[in-house]
């Protein structure tokens, strides 16, 4: 149903989600990788999973992990260098004020690129979530932007078999992240042909963006490479299921994905704190398929015509028709 | 279709909406009351309209306006005392720091109650939008709360034929309004049996409330008397059409309206700045009817069962079924 | 300096703060209670600490913990029943849909009341943070409100030596918490004389309240019993240091605390993820003392006069004078 | 005191501010240009004013207006083409879906550039506030971005004596504006050397940016040309006085303006709805001077050292010292 798209999930969907209050997790802990993969495999139509350095993979287990995937017919859709799960990254990674930390961040990225190449995984996801600041007078914005630029430049030259994607987010874990907006990430990467963007829908919503607009803008610059699916109420990265709140924004996004001929992964990045992970992933898939059916029900031309007219009344009538209401 | 409900609109829907930049309005100005009513009459299923003091009605034209309604078979669903369209209310009305202004606000309310009684209009809408503050050290919160309480108490005793409803809103036109939240309005009115609440959905969303929760809480206290319909993106009272953003929240609201047997008006309070007013009102009506059909498609018992289970996966599956997706 | 006030902190200030990404904490883990208390003791002017059930105290160690405090001349300013750090509370505590869970929540509160009485601690803090919902159709709002009311009613009768305080918060860990606003908590508790309110400044800011207004309103109902100090940028409960963002709101708050003769604790509830806890607590204390000096610099009468005039230009000029600028 | 800076204001500061409810304005209407300029002249240290096409200037009065300025020793700090005060721009100006409207927008800009050149005014402010959308499926994001780019490209070549500045804003009057963020405006203009940026502090705050970060990033690209001063509570462009809320953010901004050697105008863009305009402008000036004194009190080197250390506790201690607390 999801023509052109592979459907994936981040591995913790099938683990035990914790927040800062309930650090031992809401889900009952203790699942190992094999158990999580077995659960993932029960989600109908799931093609692959993302793995995060330090949490899931490390120098010594990466080959073994690959075999676990192969055995189950699952792909590794993405490797994510760990730049945010350890105290050593607390004040930043590739744009940290400390030069040794920046070097460690760059080295971590390069190492994961090489892992990815060896595993035939085409992308790695650089999320500089710790690169930012919490308080005023805590960052040198001009230096930090140079460090970001230089780090990305160096990493982009490291291994031609793997494309680096940068994931932007307005805030959390820092109160202000440097790469905070679709405009900012494109400014950073505009002249770096080898680096693309991972668009996390919830991060876009958290930043008051309209995600279809963000996707279209990224595609204008040839940089819409990968999507993270989730939803939230608009204020925070709540990592809720697809279909929770922003149905119409999703519908418009799907129209644009079809229009720009996006062929990348659609990968869940949800935190089903109080939900069963398999059920939550399944619901997200159902919602995405419903959204594709809705776009097909109306047809690309009808959407294009309404967009051309820029008339909100026609637009909302078409939305209702698409939703079969 | 909207069983148990009369469907209304605020009169400016059919006028010319202005904002602070385009003060002459986006719609081409100059429609008089008769023209606006003629337009309103073309909205299929519209039962009545709200009128605002000073803007639409005054001491000398109220009877004539009533006749305009009668001639067209339209009801006056609500009279709204003008406590917010003139410079004299700029620093407050019934909770203004100036005693004469408070007296003028109370007198305005009483006068409009008497108009309403004479016209057989059951409710007036007291929106203390100017009662609040913009800056720190600009209001005496303890005094203001007493003034609000005393003013409402006095007004509530004025005319038994008319029920006063208070409309809450977190902000705008002040950066902070005193009656800012469903909890606050209930606190204010808990012991005033004769005064109810007007729930404006957009105000609730602007305040990060879940509107179904607000409606249910109001009904627990016997104070859900009237609804204003509109939508926004969550940050501001954008007065957009029903069906713009928060479809699922609306679906849940309609479920609760049925469950608590709400029988009041469903009245549009939209600002179709760049839209045709008749088309916009018609689209809102279509959306509301669709929402009622969605609830009926699933049935009250199925929703009740899912709510009892408190399982988000079941809930989102039911939403998809209700939406016919 | 902080006349009339005891100054406290939550114990984790001196531990190792974690978020959902860096679950092992940014601070280097492994401090035991004695070490944390030793650190706390080095904060000049610190009078006491809050303890949370399950995290810090339990049935078997509560007496021993009390001795640790006595030995250092520290008070236990507050005991907090654990209604939010374990998976068993994931779908709610005293307003959970499951009756056994509600019973367990009530029992937990009563148990902690008895601990408090035995330790001569006057207050316990009931924060129903897990009582809420994340998705639409996941909660029965009318039932939940009854459960909340009934639970508080029952608990309020349990032990006259201890006053229960309820702490409100708009969201997190749920996307919507039931007791979400100053108006809501007052509505809940208006007729329960024996229960008061804990006002967490950051929660109030997160909910777009002006905290001085919230404090004044609580005092009108005799329910401003205890304060949690912290700050954030307005969107989320970032638990930053006092003095980070909202200096003027703090200044106005301090004016109102003096005016209503607040005599309770001023207790830090900060999460110094990347900061030294002792340094962070010390900075907060310095800021609070500065704020009191600022109010004294101008004098209560001058503030009162400016407030009476409701003139923003006078107000901002007075703020500048108070701040010594 | 404001070394290197000319201090200005937008003309409506001295007029009569209206919002969408009180369209006739809170201030008592009817002041003509001469009266507004006379009022402006009473603000100590005011060097000039901005004028907006259609509102204040037009083809027939521009020379006369210039003389009014000359007579009073005031400068025209900026001319602003009217792309947002008339219904004809309701669906966009230079990125409108209608080609004739785009042409009209471009022509308006060019005309105002020529006015500016004739009047020796160095900048014009292009604020594409109506270029955006309100609803999903109402804009072709890819086309719109091309139209924006092409329009700016064409305008940039029109008159070498005048530098075009683009002002960004996340929302209002549209619910989504295309040029919504500091990253977006830099992406748009990165390769257009002749076009710079007007940074409106309130717009930056409304978009959850830290304004010092925005200013520093703009200066990295040689595009921090002009500043609009105002403040708000974080959710909306409330156009409040300087010093209302974000004092520390302003302090950090002033540090960065000195560090990057900003020499442009500091111009108020406030809406003193309920305040006396002269008093409000005077208060803003006092606040800005106080902020410069605060930075000087500590000295650039001490700030630089603290920033290098990236330690929030040191940073907040230095802020307190700067503020003389």
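Annotations for the structure displayed:
When the chains are written out, they are named A, B, C and D in that same order, and each has its own residue count from 1.
Everything that follows uses one rule, which is that a contact is a pair of C-beta atoms (placed from the backbone, for glycine too) under 8 Å apart; a residue touches a chain by one contact, two chains touch by 3 or more.
Since we're looking at a predicted model, the values are computed, not measured.
Shared contact partners of subunit A and subunit D are B, C. Averaging C-alpha coordinates per chain and comparing to subunit D, the farthest chain turns out to be C. Between the Cα centres of subunit B and subunit D there is a gap of 35 Å. Distance between chain centres (mean CA atoms), subunit C to subunit D: 40 Å.
Contacts with at least two other chains are made by residues 91, 134-136, 171, 208, 233, 235, 241, 244, 248-249, 274, 311-312, 316, 319 of subunit B. Taken in their complex, subunit B has these residues touching subunit A: 208, 233-235, 241, 243-249, 274-276, 279-280, 282-283, 286-287, 290, 293-294, 311-313, 316-317, 319-320, 323-325. Contact residues of subunit A toward subunit C in the complex are 17-28, 84-87, 89-91, 129, 134-136, 171-173, 175, 232-233, 235-236, 238, 240-241, 244, 271, 273-274. On the subunit B side of its complex with subunit C, the touching residues are 91, 97, 133-142, 145, 170-171, 176, 178, 180-187, 190, 207-210, 212-213, 216-217, 219-220, 248-249, 251-252, 255-256, 260, 303, 306-308, 310-312, 315-316, 318-319.
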